[in-house]
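Could you have a look at this structure, given as structure tokens, before my questions?
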Amino acid sequence: MCGIVGIVDAGGVSFPLYYALYALQHRGQESAGISTFDQRPYVHKGRGLVAEVFDEQILGRLRGTVGIGHVRYPTTGANLPENIQPFNFVFREHTLSLAHNGNLVNTDELRTCYEQDGQIFCTTTDSEVIATIIAHEIRRSGLVEEAVAAAMRELQGSYSVVLTLDDALYAFRDPLGIKPLCIGRTNTGYIVASESVAIDALNGTLLRDVRPGEMVKITESGIRSTQIADSDRKAHCMFEFVYFARADSIIDGTLVYDARRRIGEELARGATADADLVAPVPDSGTAYAIGYSGVSGTPYLEGLMKNRYMGRTFIMPTQAMRESAVRIKLNPIRKHLEGQSVVLVDDSVVRGTTSRRLIDTVRDAGAREVHLRVGSPPIIAPCYLGVDFPTRSELIASARQTDEVRDLIHADSLYHIPLEKMVEAIGIEIGHLCTACLTGQYPVEVPGECCDHRCVAFRRDSIQTRLDLD
Amino acid sequence: MCGIVGIVDAGGVSFPLYYALYALQHRGQESAGISTFDQRPYVHKGRGLVAEVFDEQILGRLRGTVGIGHVRYPTTGANLPENIQPFNFVFREHTLSLAHNGNLVNTDELRTCYEQDGQIFCTTTDSEVIATIIAHEIRRSGLVEEAVAAAMRELQGSYSVVLTLDDALYAFRDPLGIKPLCIGRTNTGYIVASESVAIDALNGTLLRDVRPGEMVKITESGIRSTQIADSDRKAHCMFEFVYFARADSIIDGTLVYDARRRIGEELARGATADADLVAPVPDSGTAYAIGYSGVSGTPYLEGLMKNRYMGRTFIMPTQAMRESAVRIKLNPIRKHLEGQSVVLVDDSVVRGTTSRRLIDTVRDAGAREVHLRVGSPPIIAPCYLGVDFPTRSELIASARQTDEVRDLIHADSLYHIPLEKMVEAIGIEIGHLCTACLTGQYPVEVPGECCDHRCVAFRRDSIQTRLDLD
Amino acid sequence: MCGIVGIVDAGGVSFPLYYALYALQHRGQESAGISTFDQRPYVHKGRGLVAEVFDEQILGRLRGTVGIGHVRYPTTGANLPENIQPFNFVFREHTLSLAHNGNLVNTDELRTCYEQDGQIFCTTTDSEVIATIIAHEIRRSGLVEEAVAAAMRELQGSYSVVLTLDDALYAFRDPLGIKPLCIGRTNTGYIVASESVAIDALNGTLLRDVRPGEMVKITESGIRSTQIADSDRKAHCMFEFVYFARADSIIDGTLVYDARRRIGEELARGATADADLVAPVPDSGTAYAIGYSGVSGTPYLEGLMKNRYMGRTFIMPTQAMRESAVRIKLNPIRKHLEGQSVVLVDDSVVRGTTSRRLIDTVRDAGAREVHLRVGSPPIIAPCYLGVDFPTRSELIASARQTDEVRDLIHADSLYHIPLEKMVEAIGIEIGHLCTACLTGQYPVEVPGECCDHRCVAFRRDSIQTRLDLD
Amino acid sequence: MCGIVGIVDAGGVSFPLYYALYALQHRGQESAGISTFDQRPYVHKGRGLVAEVFDEQILGRLRGTVGIGHVRYPTTGANLPENIQPFNFVFREHTLSLAHNGNLVNTDELRTCYEQDGQIFCTTTDSEVIATIIAHEIRRSGLVEEAVAAAMRELQGSYSVVLTLDDALYAFRDPLGIKPLCIGRTNTGYIVASESVAIDALNGTLLRDVRPGEMVKITESGIRSTQIADSDRKAHCMFEFVYFARADSIIDGTLVYDARRRIGEELARGATADADLVAPVPDSGTAYAIGYSGVSGTPYLEGLMKNRYMGRTFIMPTQAMRESAVRIKLNPIRKHLEGQSVVLVDDSVVRGTTSRRLIDTVRDAGAREVHLRVGSPPIIAPCYLGVDFPTRSELIASARQTDEVRDLIHADSLYHIPLEKMVEAIGIEIGHLCTACLTGQYPVEVPGECCDHRCVAFRRDSIQTRLDLD
């Protein structure tokens, strides 16, 4: 999972990119990078938070009125410096900078294919494969539209991309619209970003989402749209709504907070618990718990207090320390929990270990009963499209009934939102959501997995180009 | 404002001190330090957050089964490296390490007095004055009890102190008990700390507060208490309950969260507003807003979303950027605010500029009405005892009626909790609270200010010493 | 100018590579990098000195029994992080790591050619072009020999290269042998490096130079040599002997120190000066001055003392400070210089500004006469093959007679070693040296410059492969 | 061992102090600090080299026209951050900043005495004791002269001190003049420093040494001198001449380089060796070897080449690596040594381990014979006055004849300069030198050691004050 942003602004883009990345920081804390263009590329990237990678002096050196930025999630894969985005490629005196959010499922085939053609790769990332396809086709045809069309034909998987070719900014999104990408207007320019909070950070206005299969070219004078591919069914990642996106983002028309609150309301309707209070798992459970409290009448009260200063460098040399670290991160409020029947609300249960620890913590703090309510159905299948879930065997629900899971995590009761209720709360038709992790039915072909084929039509012969007036 | 901690633990204290300081990080982000003792002192301190100052290697070098720690709040004063606590003093082959939370009002007189006596000072801090008095008296009498008694006779102001004399840990609190200090027991030792959350971080049990005027000596075998001075009236800082302490701390018998929630309830009772939602100013307004919602029935809903990654190094080179930084820090959720009448709940109004900016932000996001409810009475006088308030002329309420303030901050209505209701909600008699910033009546003599003399009796002739059995 | 090294050692290569780079640090202080291979590549590189880029923990993570390293000279070009060597390329599940010393003159043509073929480039370096050619051909034929042969046919310029293809180490040198490269044996393995001092650092034995046009494959069992191309005349860079290499290195059979000492002897024979002392410009003039003293009988005495702690970060904010910085770096010993006639010996005169400052400094310190003796003939033409000389117009001797230069640099007399004497002292036939910067005759074709064509014969049909037995 | 400097300059002192410390860096690499005064003190200090501790921004913040600086040698003692000089003490609204080079022998007595008087100490350094005495007396009399006089009466040992009392700069030197201290004039101000190279760094003129027992007050208008104490015999540290000082410094009237060269000449006269070359141990042996070569006619030729980039952080995790590190630091030039009889010249032999390693290295490189010539007599006794020698048992010569030492260090012959010849070469009467490490006769009383009492007369009743006109 990553966050991406592209900005055009006559007043300079390095500070706006910095602020936008700050707003997208929750999408990735491992590394951050900015690439701008002013006659030549200016690049700075490094490990750590946006605040650690950049300072005023560095931002002052990143010249230009167009640029892109990226934050990367800590994944288990190759943590090499050359894998930090944005990437910069040079060919025929042009500079192609590219930042990517998503995950391809046919990377290996594509690499092999291009390697046979003579290409060598500098990184081990999907993103370089995307850049290679685009650069190849630009070289052939000279047209970015053709290049992105070629990419969309070849790439399988999720990809929201921002790129600059010298001083021109482009963005596109896979035909299924798996990962989010939206467009905003600021006082002095335009912005494309993974989430609308990045637009808010610049005090801008959300114009719309980039449409699945669409490519936009953004200049100071406006936005030119080209619809390159269409799918009969989209596959928006449901986990963005449930966990990943910030609650104050609007994704594909839905305010994430409200989706979560509505799910919380449904949780209250679906399973009553005679409880004294409903407490969120901070921070992700808050909107759910507020919804739950509103419908059930159970008082909303914090039972676990989050330490706001936990950093990535928190030291826990021993197992005993790791156990006690839960309490340093989330401190139970004994006075609220003692002798009480508590409804705890969380967004999801993955491995179950965190849930068990939290429930134990709440119970150790004196709770009489602990009922877990979960804002997503049981996760039973891995994600190949960008969410860092573990393998099936590590997913607690992949081969267990809810009763078994309930016992394993030490809950008095356990209730997941049913799939159809979650879908209703999100407000997007189920046919346009990716729910592969909940059903095992994938929207793209993955070897060894079931695929509910979604039909992508390419319309190269009738490319629609229009100027957004908004 | 600062956070202090002292630990005795046969298994080593550097990691427990680190975890405790992590839990106290909200009390000071400017610098952090740890001093331990094992035959000789081991010290490490530096600028920045606990996570930045310490790493595993450093903690590994801080040997010993007794030690103290400190986090310091960014104040406007002399930000010199030698002012970073804990301080270490050496005399007659003894090492005195000391960490202090509070502020003296007779520092200058004491410095002058000791300077005439021959002392020179290495820092510009109050804390060195305290150490000097203690060291002088220990030298004379050889008894820490005598030394602390001498200190309590001479010091005017607030002081919660932890200190080690070689391998012995002591802690004491001024006779008025202005700043908090509490004692806990862990599996393998004891801890004294500014707030009980530090005890929670070690999975320990809060035993009790250090009593005003009390000194405790803590060893692995238990706690020995000496009541050195008594005051007929205490002066616990009300601002700890309203703003400074963590909500999950228990201070002088009161869970801070509940004090805040009860204030919120009183706010709802005191001034009705026909509102669509009640939204907290995150994070400090949360407990207040929950209390408000419970009594008023107005739905609790977040209207401002906090960016969890704001660091001290956030860059805002221009005024325009500083203005927009509010939005990066606190993003208004337009969908929740548009066309709505909003009750915004905050803990206090100091200069009024933040309140105005927040109200403007909420209104710009479409709110029809913005009603501000405040968890403390108007602040009209400066604090000389440790809270970093500005001067009278900068306090918006010091010379203005509430109506005037309401207009200045652009609120549709403004209601402060009345003093007596706040006191009731905190649950400590008004005679035992310091409310100087609200009334201008100070519990200690400050030149040019009114003082409601509180009578401190010293009981040197009948020092009570007893072993806590807990 | 750069330093490169490759090591095979069953006991691990990261520490040996570190020590070798330490010994080559004089060849580049801008950045340093190491790449090793153990099932997968391990890479670490960064800006700064070897000591700054690496620490024990980092070296501990660089696993494997084969690896390469690189130090880069601060050049005026694009100082981008992605340009730091070694480079790593991935294709068909193979990893190609490559480090390069030298400079190509046909980079642009080659890039264009490969770009038309579909390749995109991640850096702006020559080195990536070399890697591309090699990777292309390996892909085609599967043979590294073929690939290096293809590279030698296509590349124009200087290139000493070390590379690993997965766990195999290769090294090759351009057919003219412009940049040095030598092979050594250590107790537990083999090493190829730019200079023999890197072999000394591992307590190894210099076996021989890599021959111009030769490729060696180095494994734990020995060295396999393939002579790919032959030139009738070599073009060893004379500036390595005069300035760049460490005095204790043996390059192409000649101990650099002795070459310099013999030049110094010739300087004494060529131009007598009735001087009181001969003083070197530290440190590069030492060997020359010792030679001069031995033949002339003029006492060798230091007149300028070098500050051993000058770092790259020395601060000189103003012009006045920059002027006085000469004295901080090189302090004149007044007692040695006052009233004396001084022979100052330096390796070369490039722009003349440093010479003028030094002579002024010596004269300000009281010297009666200052005679400059220079270990190389006048530099009149730029270098396109790796030495960072300025343009012709900035070379003080390119359009001036020695008399004019003497006056401009404020010397009482100025004498350069004649070309033939320098060649004699180096001990390599003039036909096998590159003296382009002294004559304007280049050994390779450079647009707009004269070329003394040297004939390179490729012997692909009769590749000689033999096992070195040393 | 440390380096100190004080500067008065109307144009600001932070940059001049930085340059001066750069020139004194050889006197201490562990930490560096600067303290300036402009209404209030400005201080910056930290671990590491001058170049690492300071940058332009930091220097820009150190305001004022008066200030002092310090570099500290890595000693085995307490490496605590609070021990980094300069120290700053505050009393009666005055700031006393102090930097000290030397070592007291009665620290413990003085500390005890002042502690009984009520003083507590913030550091474990001698320097704080000096500051305490001075501050005490200034407080009593208000006169710095009185205070320094009191200090000179009480302090036993070596002390060269620079201090500022608010905006006034003072410097003084112990009555025996053990550690060096000199005064210079620059274009725009005055400087006192441990060595004259610091004056050279500012392009200043050495005026004279601070006289033993003298105190100087330095203002922009000139230097006011007060002779506080006189000793019939001085005790200038001979090791400054032999090893510690930079060769281009002039100390107590003698150019260090020339003292060393003359010693080298005497070494040649004292013991002939039928050698092929004389090679210095770089860098300290250079001047000695030049002198040796001049008298003996044996050719001067470098046999060991020093790596100029060795930093404090060089990594040697294993013993084997530590052994090979000698070669990375000092590389033998085999071609110069093979089959040769070599005279190796070094400044001193302390433990003997380094000498043995060097001789082994030279012999391994093929030398037929290795004759060691040493610029100082055998060191047989520890130093209590500032040189970091080991204990007697670790000094190879303390209980061994030269023959035994020769065998232990694997030399073919070993010859030390005789004491009287060294004294002659230094050019200072033996009665005015401290040669305690060579004779065991100390110039001050040290418990358990012999003392050759030197008579110090105090002249408080007739303080001579005169304005230097230079």
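As written, the chains take the letters A, B, C and D, and residue 1 is the first residue of each chain.
Note that in this section a residue touches a chain if its C-beta (ideal position, glycine included) is under 8 Å from a C-beta of that chain, and two chains touch if they have at least 3 such contacts.
None of the values given here were measured: they were computed from a predicted structure.
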{"item": "Length of the shortest touching-chain route, subunit B through to subunit C", "value": "2"}
{"item": "Chain labels contacting subunit A and also subunit B", "value": "none"}
{"item": "Most remote chain, CA-based centroid, reference being subunit A", "value": "D"}
{"item": "Between subunit B and subunit D, centroid-to-centroid distance (C-alpha), Å", "value": "49"}
{"item": "Subunit A-subunit D separation of Cα centroids, rounded to whole Å", "value": "62"}
{"item": "Where subunit C and subunit D are represented by their mean Cα positions, the distance between them in whole Å", "value": "38"}
{"item": "Overlap residues in subunit D, where contacts from two or more other chains coincide", "value": "none"}
{"item": "All touching chain pairs, where touch follows the definition stated at the start", "value": "A-B, A-C, B-D, C-D"}
{"item": "Residues on subunit C engaged by subunit D in the complex (per definition of touch)", "value": "15, 18-19, 22-23, 25-26, 29, 49-52, 54-56, 59, 197, 200-203, 246-248, 250, 255, 257-258, 283, 286-287, 290, 293-294, 299-302, 305, 307-311, 313-315, 317, 321, 324, 327-328, 331-333, 335-336"}
{"item": "Of subunit C, residues touching subunit A in the complex", "value": "40, 43, 45, 80-82, 87-92, 96, 112, 114-124, 131-132, 135-136, 139"}
